[in-house]
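Dropping a structure here in structure tokens format, bear with me for questions.
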Amino acid sequence: MDERLLRRWLADIRGGRRTPGQLIDALARWPTDDLGWARLDTHRALRRGYPEVVLAEGKTADQLERITRRLLRTGSLVLLTRVQPDVAKHLQRSLRFLRYDPASRLAYRAAPKTRPHGLVVVVSGGTSDVPVAEEAAVTLGLLGSRVARLYDVGVAGIHRVLAQWRLLRRAKAIVVVAGMEGALASVVAGLVACPVVAVPTSIGYGASFQGLAPLLAMMNSCVPGVGVVNIDNGFGAACLAHAINRPARTR
Amino acid sequence: MDERLLRRWLADIRGGRRTPGQLIDALARWPTDDLGWARLDTHRALRRGYPEVVLAEGKTADQLERITRRLLRTGSLVLLTRVQPDVAKHLQRSLRFLRYDPASRLAYRAAPKTRPHGLVVVVSGGTSDVPVAEEAAVTLGLLGSRVARLYDVGVAGIHRVLAQWRLLRRAKAIVVVAGMEGALASVVAGLVACPVVAVPTSIGYGASFQGLAPLLAMMNSCVPGVGVVNIDNGFGAACLAHAINRPARTR
Amino acid sequence: MDERLLRRWLADIRGGRRTPGQLIDALARWPTDDLGWARLDTHRALRRGYPEVVLAEGKTADQLERITRRLLRTGSLVLLTRVQPDVAKHLQRSLRFLRYDPASRLAYRAAPKTRPHGLVVVVSGGTSDVPVAEEAAVTLGLLGSRVARLYDVGVAGIHRVLAQWRLLRRAKAIVVVAGMEGALASVVAGLVACPVVAVPTSIGYGASFQGLAPLLAMMNSCVPGVGVVNIDNGFGAACLAHAINRPARTR
Amino acid sequence: MDERLLRRWLADIRGGRRTPGQLIDALARWPTDDLGWARLDTHRALRRGYPEVVLAEGKTADQLERITRRLLRTGSLVLLTRVQPDVAKHLQRSLRFLRYDPASRLAYRAAPKTRPHGLVVVVSGGTSDVPVAEEAAVTLGLLGSRVARLYDVGVAGIHRVLAQWRLLRRAKAIVVVAGMEGALASVVAGLVACPVVAVPTSIGYGASFQGLAPLLAMMNSCVPGVGVVNIDNGFGAACLAHAINRPARTR
Amino acid sequence: MDERLLRRWLADIRGGRRTPGQLIDALARWPTDDLGWARLDTHRALRRGYPEVVLAEGKTADQLERITRRLLRTGSLVLLTRVQPDVAKHLQRSLRFLRYDPASRLAYRAAPKTRPHGLVVVVSGGTSDVPVAEEAAVTLGLLGSRVARLYDVGVAGIHRVLAQWRLLRRAKAIVVVAGMEGALASVVAGLVACPVVAVPTSIGYGASFQGLAPLLAMMNSCVPGVGVVNIDNGFGAACLAHAINRPARTR
Amino acid sequence: MDERLLRRWLADIRGGRRTPGQLIDALARWPTDDLGWARLDTHRALRRGYPEVVLAEGKTADQLERITRRLLRTGSLVLLTRVQPDVAKHLQRSLRFLRYDPASRLAYRAAPKTRPHGLVVVVSGGTSDVPVAEEAAVTLGLLGSRVARLYDVGVAGIHRVLAQWRLLRRAKAIVVVAGMEGALASVVAGLVACPVVAVPTSIGYGASFQGLAPLLAMMNSCVPGVGVVNIDNGFGAACLAHAINRPARTR
Amino acid sequence: MDERLLRRWLADIRGGRRTPGQLIDALARWPTDDLGWARLDTHRALRRGYPEVVLAEGKTADQLERITRRLLRTGSLVLLTRVQPDVAKHLQRSLRFLRYDPASRLAYRAAPKTRPHGLVVVVSGGTSDVPVAEEAAVTLGLLGSRVARLYDVGVAGIHRVLAQWRLLRRAKAIVVVAGMEGALASVVAGLVACPVVAVPTSIGYGASFQGLAPLLAMMNSCVPGVGVVNIDNGFGAACLAHAINRPARTR
Amino acid sequence: MDERLLRRWLADIRGGRRTPGQLIDALARWPTDDLGWARLDTHRALRRGYPEVVLAEGKTADQLERITRRLLRTGSLVLLTRVQPDVAKHLQRSLRFLRYDPASRLAYRAAPKTRPHGLVVVVSGGTSDVPVAEEAAVTLGLLGSRVARLYDVGVAGIHRVLAQWRLLRRAKAIVVVAGMEGALASVVAGLVACPVVAVPTSIGYGASFQGLAPLLAMMNSCVPGVGVVNIDNGFGAACLAHAINRPARTR
């Protein structure tokens, strides 16, 4: 139950459109919903602005189904990350309203549509970084941000990103997804005034050491004001960029 | 020359209070001011929202003096980071308007006062993290953000930070400065909806490996939406937090 | 042969219920039982309080069967860790009394029941950490400790663990199993007076580096008195927690 | 204010020997005592069994003096770790009751004497490890444990430690302090049933990498049940060993 | 062609049992035998005391067959290391005299039998280390050293290795194979006067980091005079131990 | 469109053999050709001397086909690296002119033949390094350099490389491909005056850490003037060696 | 004795201007000049194109003086790197012709002047990188290359380097010196066709880990054809760039 | 008391030249001599072939004096490693018979002269490696090996080491001391049949990472049979080489 929903219910109660008992029922499994082996943080949407999201990696299809079923009872966005295609198929068989996007490996039921705010540009260095970039872009859309994609503009051909300066300057926040030497984050951040969120990816030859090279590079950016998230963590970048982008009102 | 200054001059020209020649003179050494061994990025304030800042480490007192003298000609904020006390003394002898803050090791001439915007809370884990936290807090003030300090609230006594939930929730951005295991970043981020900027510090026993431990911990935060900056980089954290905090208008 | 068993036999001999020859026979393959390629430490139960435990990883099913068969001759607990399901099936075909628990991947024949002592609480950060947590919890039970489980209470929703303060304070020892940034160990340890054993897990995104991140974090805990064991080593944590929990008498 | 003190005051109030007002005054600066730049966790002794301890490294002599002065107001143990001799001299000039032990670099005012419980043996591998071992041993004594020292018994001459088996087996907990390859922890743990706390030290040639080698070795001990603390962290080891050693009653 | 063979041929020529032409033919492809994509070092046996050995990993079965066929033309030992069972089968189909030992993954044709010299003891910490230990032991036998095996005598039950002191002291060189914390190398080296060759293995839980932990531990042994070889490199250890063991005459 | 092609077209226009319209059409998708999810840097050949090359790893067969189809429209060399055999088969079905070399895993359509310049010698340490060496050698040939191969001349039998001194001294650039300890780069560089490009490979036992060992070794070469490229990056080495080798005119 | 000198002497002998005895004398201490504790490689100039250069770090002033005195007897360039000012003073007292450049810490006696060849541009990211850049630039000049300097053009203000495209494109080789995230190497290499030599520097905040971050970044450049040398190794970069720049004739 | 001494005393007793009481007195403080904070392993000479050696680093001058005084009572070699010049001066003031060698930083009283055995060649790569090489060479002489030194023969000028092949082949063991890329160990080992002990040194530019680069290189030598010791550990190398060199008789 997030703030928007809670405000509506309270208004309904004041207006006599709902009884206090209904709200009390809804809050009964709150602020945690205990499944024994899992303890859903149902209070999170109210506290953090978006609900608990489920990392599918390391969980069985059965565990995922039971967690998702509980989450679907709430009126909010339901989101699972890193869902393998076969797991997605399994889930969709019993959970009808769940959608799956193979490019970003996200499974979700969107929240009721509202007008997207602001603008977040998701920039990627190469075609191989696209899955991570899509995880960020699709998540941003689901959270309620307006998104523009600018893919395959690595610094090997720097005219590709310079040509998009105008778009970049319109953004309220920019997510830069890059593997290899991760230089794109510094180059983009040097061109704009808005906050830049950098996502190192594990794409690269041997001495990338599974993303350590771009992680360190982004961390050491000579452009102050770049915030770095974990390797391949498009989802985390989206959460940070959305928190920056949304009007303080809705936080 | 930043956007605010440029707009005023253009208004002055339109109003006949300045001649075009004056602006042309001012733009002559623009967008880079070349000293031979240094090439000041005088275009940065317009592009990034704040001017080039000088990292004093690795530069001689003489080099610093010459760079600072040039920067003082502009009307904007002049800021030097990581200035040792003796270097500061040397600089202040010939550059009168330069102020020095020993706690944060910052030397600066503030820009003309304007009303600070928003609120950034700077949180620190322990007393030993204070120099880094002060680098962030003083920089934030100079850039134009309102700042609140919340120091020595590490997770060993978690009631200290929980007791300040109210203050934290009022922030538009939070900077968390922590060494050792860096857990404070996750704990704070789990309580609020606004973006959190995490600064690992090099404070700790042997297996901290000069800040590697909190860096990795913050990077792996189970709370999505934490942006990490370099070890001990209070300045960089301030830049990111200020970019988040200031109204999009002024970006 | 552990102390309990040895004492009983000696009492039996004194009481004439056994002949000295029987004990001599039992001690014949003692203190090591040499299979040529393996040398079982049959003296361990007497010396350490619990018998040699077999790490199944890196051994063939055939080797495991031969080792287990020998161990079953003793009257004590027989325990194999990290047993894959197919290996377990193979073993159970010829070794009837062996039980297998798939969640913890433990195969065992329990020692004769005795009243469990004390209380060890096993806490886990997320659902993905459960296999490691179960390895700890089931082992603790087999060694003779009373166990309570508190799963999925990571710091992203810190109210989940704070709500269980009462349970935590009743424990004689606590095992905290956590991946990602491993902050849960510090938070729990900060709340209680009993010893805390921390187990980093390999669960996490790229910069976890297979558990290095939580390992370093737990090692650097700002709460003194946390003892760290190897990554994913639920078994080792159980041994340490049990040694803390059991009455000095039985050590 | 720790549990012992609190119970006495409550008894005094019940018995009319103190007025409720006195206790209220004492609790006024509780559970945190805020100095602005430091926030003392005065609640810790009640919660954790021993009070907040001050790490002197990274703090100025002046900060230390002000913190210590506050702590001395309580009736409990006051303890500062990693105190350089000159800082100690500075502190002792104004804080009379503070004692300093140069071997362990600890400064302290002991709590009122009580009978020490149990037995903790502190074992060290070589003479160069003694400062860390002394930090552990002196801290243990101040916390209230009985301590025996067994120094310079490294595995290069393994008969030195085997000869002390009897002493080791009497311990309720053992702290093993070792640099180089850290093998001593495994050897000792293999001989006893009580919990072993291992402290890697930064003593060693180049490939020790400031203690990384013994840290990893202790972490990977083939003897289950070794709890590892941070490099050179004798203080942390003492806290853990004391928590194991003291009767559950006093925890 | 090694020294022994060369001496016999020269004696044969002097005695008229062979013609110079035969030796010239034999030396024609000497000191390197060039296959285009491989350049066999046929001079090695004379220079180093044993012939070039083929690492099978990273070579195709076809490449291995062609190299082996060439090597079989010489009268010396032919040895291939790290041969997978299916590759061995493939090779044995066309190369009849090649034998395969699955435990050590070695394929070979032994040199003509001679009386083995000296004594090398191969010690292993655990059953999982046996494949590496066998690679060392079988290679030592093929090179001409007498070998004794002492397996599964890890320091968790140190009486197992102490009980074999007598055997260890008879050795001219000892190979210690151990994973986990690698402490066995120090313990064994502390007991004897002969050179000890230590082989770290990749056996262990997470923080072994594929053998880095025992490698560093062995490197930092507090017993001077331990020579360390690469992780899992039983073959290299055998070469060093054999070079130590054989009479200087035959080097 | 590279410089050679552009010059010919301009000459054709001047000579009336082509119309300006034809060139304008050709430049229409220039300097980037945007496929939405990929943005081909069609300007690269003119700027860098050779066109954009496609890293097949991390791209789907379908993406590769669409990118390649676009690139084939230009008159220049088309080159894909790290192409798995099955992907190559898929591509060749629809793209007829594409050739595939399994040893180097390169797929390509060569540019129109021209006389090769200079001489680059590709040296490899062992047979297992050949795939990387071939990636370098074939790429060099496609870019237009004359190539000589000198394989399996590792320092274990140093006479193999010393015997080829004459060939090495004729080279304009040398590529040294070596795994294990990577010593070959230093040895070769010490013998010649031309630039040496070193490629560490991931071939080796455990402590190679996937190529880290030769990477560091090459980086630390005591022979100044060795340029190191990424682990296993034969392609990158070829680009650098070709840039050194080709006459400045054609750069 | 380098090739130029040797050719002149041989011409002198042929022309009767020198006697063979004079050359024989000169070659007497050749190809190594043995000082007992040092063995000068006097053959290097002929073999490598420039003479042995002395790394002053780790040598005593006395050792340096004796080595330099020997080298000064040859007619070639004498060069010492990493010379501290006080050591330079010491050397200059007894060795008159030695010059010292404090910015690059080089001490040298130049070879007889010849016309410089080609053009090498030395690019640096920031003012703090200048000492390393100067080591490269001064060495290049001494070896005989024409040099242009382009300092303080880091990617934070990318217009600074783009503005110099023309100069960069005229270079035969470019040396890029950069610390922090080292992105400048990729950006420069993406703009030109000539070979780029990248030098990571140890300038940076904590997570630079003394230059590891830019080293890995440069290694992973998405622009193929960048050759990386050791951290802070301006001298090595100069050797490689000079070898690329000089006409093949003079190699 | 070593074997030689013990045998002489026993012969003396048998021959009536000493009384049993004298031996009993000598064995009284045996096998460990306990100073409280140090426990000398006086049994080591008999067990290991040479007595306990004292690492001076990390011990105070006073501790060293007291330990040395005890050791001087035995008739054997007394050896202290890593002794700083001022500490040596302090020791020599009160301990007359102690000699000090500044090049190797060894302080010692030699054992009674005996004829040296065998031959160990100590090879070093550069002049900066000499202190470590001297630590090995002087120790070898004190232990009783004949030593030859071959310094400054790094692979940058490989003719320097090839020219000494003859000397190398006469050795019973070779110690190779090298920093930077450590290639010399492989090159030397490839030329000879005797065992090679490799010592990486911390000499090198940044990416040597204090000796990690040569350590890994030596570990990964493509020449089997190289035993590696710790970084800068000349003493340990000498112990291993001496154990190899001395006749089995005296072990």
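Which chain is which? They are A, B, C, D, E, F, G and H, in the order written, and residues in each are numbered from 1.
Criterion: contacts are C-beta pairs under 8 Å (C-beta built on N, C-alpha and C of every residue); 3 or more make two chains touch, one makes a residue touch a chain.
Treat the numbers as computed from the prediction; the structure is a model and nothing was measured.
Contact with both chain E and chain H is made by D, F.
Chain E has its Cα centroid 38 Å from the Cα centroid of chain C. A separation of 61 Å divides the Cα centre of chain A from that of chain H. Taking each chain's centre as the mean of its C-alpha atoms, chain B lies 55 Å from chain H. Among the residues of chain E, those in touch with two or more other chains are 126, 156-157, 190-191, 204-205, 207-209, 212, 215, 219-220, 223, 230, 233, 236.
The set of touching chain pairs reads A-B, A-C, A-F, A-G, B-C, B-D, B-G, C-D, C-E, D-E, D-H, E-F, E-H, F-G, F-H, G-H, using the touch definition from the header. Of all residues in chain C, only 125-126, 154-158, 180-183, 186-187, 189-191, 204-205, 207-209, 212-214, 216-223 touch chain B in the complex they form. Only residues 126-128, 130, 151-153, 156-157, 159-160, 163, 203-208 of chain G touch chain B when the two sit together in their complex. Remark: chain H residues 31-32, 36-39, 41, 43-44, 52, 55, 57-59, 63, 67, 200, 202, 210-212, 215, 230-233, 236 touch chain D in the complex. For chain G in complex with chain F, the residues that touch the partner chain are 47-49, 53, 118, 172, 190-195, 197, 215, 219-220, 223-230, 233, 235-236, 239-240, 242-244, 248, 251.
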